[in-house]
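Note that chain A is present in both complexes that follow, paired respectively with chain B and with chain C.
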Partner chain A sequence: MLFEQTTNNENRETNPLPFAPPVEITSDAIDLETLNAFDGLQADDGSDLVVELIDLYLQDGSERIEAIKLAVAKADGKSLKVAAHTLKGSSSSLGACHVAEISATLEQVDPVECPHRVDVLVELLSYEFARVKKVFGVERQRRLA
Partner chain B sequence: MKTFGMKSDRTTSRRVLIADDDPVMRHLITTIVKQQEHDPVPANDGREAYRILQSDSQFAAAILDMAMPFLEGLDLIRYMRSEKRLMRIPIMLITAEQDIKLMASSFTAGATAFLPKPFTPEQLQSAIRMLLGNRNATRRAA
Partner chain C sequence: MRILIAEDDPVSRSILENLLGKWGYEVTTTLDGAAAWSVLQEPDAPSLAILDVMMPSVDGLEICRRLRRTPSSISPYIILLTGKHGVREIVKGIEAGADDYLTKPYDFDELRVRVQVGVRIVELQTNLAERVSELEIALSHVKQLQGILPICSYCKKIRNDRDYWQNVESYVTDHSQAEFSHGICPACYETTVKPQLELILQSPSVASTSAIEPCV
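Presenting the complex of A and B:
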């Protein structure tokens, strides 16, 4: 498991955490094997389906992350859960495993009870999504070349 | 804007309702449904799917995401199973939840198939093929 609970006292707001991320990022941003599994499928107009999926994912993923940030700013747990859940699904389908795992964790965390943990996770999510964006950008170019 | 009026038997028997708020998943399912020579009818969330189903029952199958804004997949299944004109439509529920209880609940509510995410493209293709085949088998037996 990539994410572990770091403390039993996460909701103790009088003692803010020193913001050491409770995760260790050790592997690549994308599991290309998962992505390449889509190679057998072709879009109906003959274009590269993977490129289409990447474009949709990057567009929608950016919007979901903005929705997550907004939900956190408003301490809106329900909206946070919905946005994180959808991002988890699309990320796992395309092999963006770290984004999927962070989203899965965010889905379970209450922004009111654990604001510091949520802040760290959102920061990590943005970081991981930026990495994914970079890798997908390269993959996209490779496929279009 | 699309209309969802009555169609001829030949056309209606090939239409598949796809409800998912995730555009990546919606596009993927749409592509596979087209490959299997059916006509996808996409909905962006549960409410849109519900509105379509209120005035249109001519579907070969429905593929629904569990967690959607406004109305969840499980709610849609319950609605479809309570309406006589929608009762015979086979339904596949797709979900990112790994909860076995959810799978049980979806079958109790009336789902025909259940596909947990993540899945490979082959798994999705097989599941859709089975869903549409199941419907054909039901029609032949009827």
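Presenting the complex of A and C:
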């Protein structure tokens, strides 16, 4: 798994993400099957539920990531846990598996005891969220076209 | 049936609203535990609730504990819906008072059938409560005619709860669903009615006899 390789190197004095990967649009960022399951719930008024859910997710997800960063800066374990838990729930609901996994790990980590691990996870989370954002953006355009 | 959703995550909330609405349920939504608790305290509160475990202000587990501490004839059916996985978390939820537990991400059909189970249980509870209420009313009538009744040895009146001597017929009518029709038994006919009739017949002013027959 993506984050496990990084979190196992807790004692190494390295930058959180030394490789600075480019944000790519790849299909593994989300599980499209999960997203397509919502097609059966479309409303009769012509609005696209998936587009609504994507918009909600992207807005709320950005806010949760900001809340996570703030909690890490303040070493506030409780707030970190709450924000990571919520992001995990919404991400898994929409098939953003990697974001959900990283959030689940962040939920369990104490920012005071493992500050470096938390930093790495937050970086990874931002990266994965950016990937999801791109994929969702494309999917959104496709549906609105 | 009305279903309460308590969920702080807007994505999960929207999914639930759409699913339950599509399945024909009326939905009430709250964004945190305190608001959910407030809705559940209303007189016409929803009888089924889907609660997130981790919520601002009051969490789902605390709502379950509060509900189970509150004496009520019909308590809502609670489904905890959460991202917390594992047997320990499920045990904790059920011990707090939840009726069911589902983890995210969930299968839509699984949620649908679990909600249907909840609806069935709520309907059974409601029917049972109505039957118990009917039986309690019936029992209260039966109880009123139990125990020792003070009755006058001569006139047979009964002393009621207000210390008033009441005719036995009206007393029984007031304290049961029995009603009286009046007649004359053969013994009373012989000992009371017949002698009086004979007296009347002996009277010169009476030209003919009345045909009063005893009840047999």
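Here is the rule we go by: the second predicted complex is superposed on the first by the 115 of 145 C-alpha atoms of A that agree within 3 Å, B and C clash if a C-alpha of one lies under 4 Å from a C-alpha of the other, contacts with A are read in each partner's own complex, and residues count from 1 in each chain.
In this section, a residue touches a chain if its C-beta (ideal position, glycine included) is under 8 Å from a C-beta of that chain, and two chains touch if they have at least 3 such contacts.
Here the structure is a predicted model, which means the values were calculated and not measured.
Peer 1: For the combined arrangement obtained by superposing on chain A, do chain B and chain C clash, or do they fit?
Peer 2: Clash: chain B and chain C overlap once superposed on chain A.
Peer 1: Looking at the overlay, does A:137 come into contact with chain B only (first), chain C only (second), both, or neither?
Peer 2: Touch partners of A:137: none, neither chain B nor chain C.
Peer 1: Hey, which part of chain C ends up inside chain B in the overlay, 61-69, 151-159, 169-177 or 187-195?
Peer 2: Among 61-69, 151-159, 169-177 or 187-195, the clash with chain B belongs to 61-69.
Peer 1: Identify the residues of chain A that lie in both the chain B contact region and the chain C contact region.
Peer 2: 34, 37-38, 40-41, 43, 49, 52-53, 56-57, 59-60, 82, 85-86, 88-90, 92-94
Peer 1: Taking the complex as given, what residues does chain C use to touch chain A?
Peer 2: It is residues 8-12, 14-15, 18-19, 22, 52, 54, 56, 82-84, 104-105, 108 of chain C that touch chain A.
Peer 1: Give every residue of chain A touching chain C within the complex, in rising order.
Peer 2: Residue positions touching the partner: 34, 37-38, 40-41, 43, 49, 52-53, 56-57, 59-60, 82, 85-86, 88-90, 92-95, 104.
Peer 1: Give every residue of chain B touching chain A within the complex, in rising order.
Peer 2: Result: residues 21-25, 27-28, 31-32, 34-35, 65, 67, 69, 96, 117-122 of chain B touch chain A.
Peer 1: Note which residues of chain A are touching chain B in the complex, please.
Peer 2: Residues 34, 37-38, 40-44, 49, 52-53, 56-57, 59-60, 82, 85-86, 88-90, 92-94, 100.
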